[in-house]
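Given below, in the form of structure tokens, are the structures.
Across the two complexes that follow, chain A remains constant while its partner is chain B and subsequently chain C.
Up next is the complex of A and B:
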């Protein structure tokens, strides 16, 4: 590496693949922040050579060559079973399934629910940006009431389309002792990293299923500027999607 | 590690599903993932009873989509992983199998066909030929063995693992509900004692060393950005498939060395009825032969054409409404031979019925 390059390189986690940076997510997208916290978590836990990273379809697939960890890009909604299959065959590996809200709460909901029920020793990370970003901003299971998307042009009407999915609340309700469930936000990265580390550590310790939802942003499809983007993440989404830990092994549940 | 499940050779009397479980054990399969559906479920039931005794694993998934994708996961981790399904379960399997096709993941799936379309019957058919060979949103780069009985089930289940891992295409053992539920005598054996070496498996993720430092990182994908990029990928798979096809194709022929009045084309258990029809026809002075493709994908086209060239006409017999027929027409294109059919979707066919059809069709 030349001196000039070193001077220009921003600080990035050791386990990131520098050759695929800058990454391909839109400016202002929360994926990059979530993946940075995940990278730091992997570095701090010193598990780079044991992690298998699986990514879903949708914007999350842009992370397929993001890390210097063995990675597999799967089908829409099917990352959880692929990682489950790997983990069942080789329990010494650490399986991370990375997906969006469509992959986890809609097309792959049965896999999330049943992995949680079986207490699969894998870690699922789900990015909630209230819409289907890759296909151009349609309604997702997490779209807020009244929110305009390409398939709810007059705003999401809960009478017609139901209320946003509360994923961690659902997973916490069906998961048993040993599971770790939390919701973090790109608005609080230190806390998000703490949750991600605990979620991975929980798998390393062999306790059970770990699930972290990340409240994230999508300025491209929200058609918001920086100020409005942060306002939507920190106010509108925060009001509906409560940040915190929902299930911690060996601990009384806290909100 | 536990002792070998099958040592030496042993004469047994078993259902086809039990045979498949024993064959997977003998083939050193590490893990089965599956979801119950009749008439496949007993494979799982035998496996779950036998596997723990030999240090093998099992996962019952939430549906067949998950069974297929977890099987893929097991293979990616470097294990000899398999599943079994049928009918509507086979429909759901097409999604994961299209991924296996694109990414050259050597999955093995055993399919005792049941009636279709839809839920249909839990009993028997040959209606999953098209789906097993060509399902998914692609070209059908898969290997399909059609078994005719219990010895076949044992032999080809073992072989399926080796073919899959040698050529890296998803491989299927296509049986049917009759074979699954019926008992037959057969010989089970330790493959090693017959000189059958199990092809070594290797992990596609979770390799030794730190990725990016000690070795290149494994990046596996099935998504491509441009038409040109995808075209190159698919054409490479096509070339590999076509190159491997002559080594993979298998067939049997009966009385096809001379000129024939009729060549009976049938696969799977129906082939046994066709074999039974030959002496009945001979008694009546009809010169009949029979050709049985064992691999339906790739199809032994050349061998079938050679046999067909010696016959005045062809009779295609199957427990489906024209699925084998389509493959035969494709294989024999350009050969000017009349094709008669006996198509019985979801129903069995006897030797007498085939002999009658031959006489009727004259």
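Up next is the complex of A and C:
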């Protein structure tokens, strides 16, 4: 088969910063897919000039120059309050807090919980890859029972370390009317884009807190090839982390 | 999707669509190979940005232009151009 060389524009979302591509994430990383869907959602809502993108410490901070939008990189776990502060000072902006499971469920859990309780009008996006990727694949709050990581070489024992955090279920339980809570997966990207769009639209409408968890992959630390990566995301993770919308504004509160 | 700065693409022409790969963006993760419904994506002799093999199609005429590979590429290294559409 012949392969000719031509000059062509890549099929990137408009709000991506093309000078920083290829981005810094590992080959096969789910961050790239989640950020591609977020970029398409920003393009379709046409809000590139109003978005403030905040990223956490961990693998997610590699997205600091990912978009052609105003970005801020915050202390570990403090993305939600920083974006909340920006949103309170400049309510016309759209604040997107982007974090990993370590930043959102471990060191930053209090900020996530309190922002949800206060119903802050920000959008939080959390990437769940079941380990701490940047530091070499240690156990995270979301590591599945029996999963081997650097710090659980015999598999995670739920007797000792508890069961994985179910973030959207927790946020949906404490959030007030007007909040939007969902969990998407990189195994279903079109649905994920729909969730991200709804989460941003919820903030644009001024309803309340929006939270989307993304079931993602980490081939480098899972030590998986492409086939095993997809099977872990689509089978093992999907069994524990159920994809769907947990709270949609407009639904009546159960009494 | 708007037009961003142009890059070098390796193009393969087929009956229904052309397969365009950007070697400067492809990291060789192989996610697209698993998601191709007609299993025509394979390792290429061309190298990607990290010196790992990039991907190409074995028989572009079999491509059904579903754009799954374009969708699942985390680096936007694949672009499918469907024939008869602009």
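FYI, the second predicted complex is superposed on the first by the 243 of 255 C-alpha atoms of A that agree within 3 Å, B and C clash if a C-alpha of one lies under 4 Å from a C-alpha of the other, contacts with A are read in each partner's own complex, and residues count from 1 in each chain.
Rule of thumb we're sticking to: a contact is a pair of C-beta atoms (placed from the backbone, for glycine too) under 8 Å apart; a residue touches a chain by one contact, two chains touch by 3 or more.
Everything quoted here is computed from the prediction, not taken from an experiment.
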- request: Would you check which partner chain A:9 touches, where first means chain B only, second means chain C only, and both and neither mean what they say?
  value: second
Query: First (chain B), second (chain C), both or neither: which does A:23 touch?
result: second
Field: chain B versus chain C as contact partner of A:78, first or second or both or neither
entry: first
- prompt: Touching A:219 in the superposition: chain B (first), chain C (second), both, neither?
  reply: second
Query: Touching A:57, do we find chain B (first), chain C (second), both, or neither?
result: first
Partner chain in contact with A:32 - chain B first, chain C second, else both or neither: second
- prompt: Is A:48 contacted by the first partner chain B, the second partner chain C, both or neither?
  reply: first
Query: What does chain A use to touch chain B in their complex?
result: 17, 48-50, 52, 57, 61, 64-65, 67-75, 78, 81-90, 93, 110-111, 113-114
Statement: Per the touch rule, the chain A residues reaching chain C in their complex are 1-14, 16, 18, 21-23, 25-33, 36, 40, 43, 189-190, 219, 225-227, 229-230
- request: Please give the residue numbers of chain B that touch chain A in the complex, ascending.
  value: 30-31, 33, 57, 59, 61-63, 65-66, 69-74, 76-79, 81, 95-96, 99, 203-207, 209-213, 217-223
Query: Can you name the residues of chain C that touch chain A in the complex?
result: 1-12, 20, 22, 24-25, 27-31, 33-35, 44, 46, 49-50, 52, 56-60, 70-72, 74-79
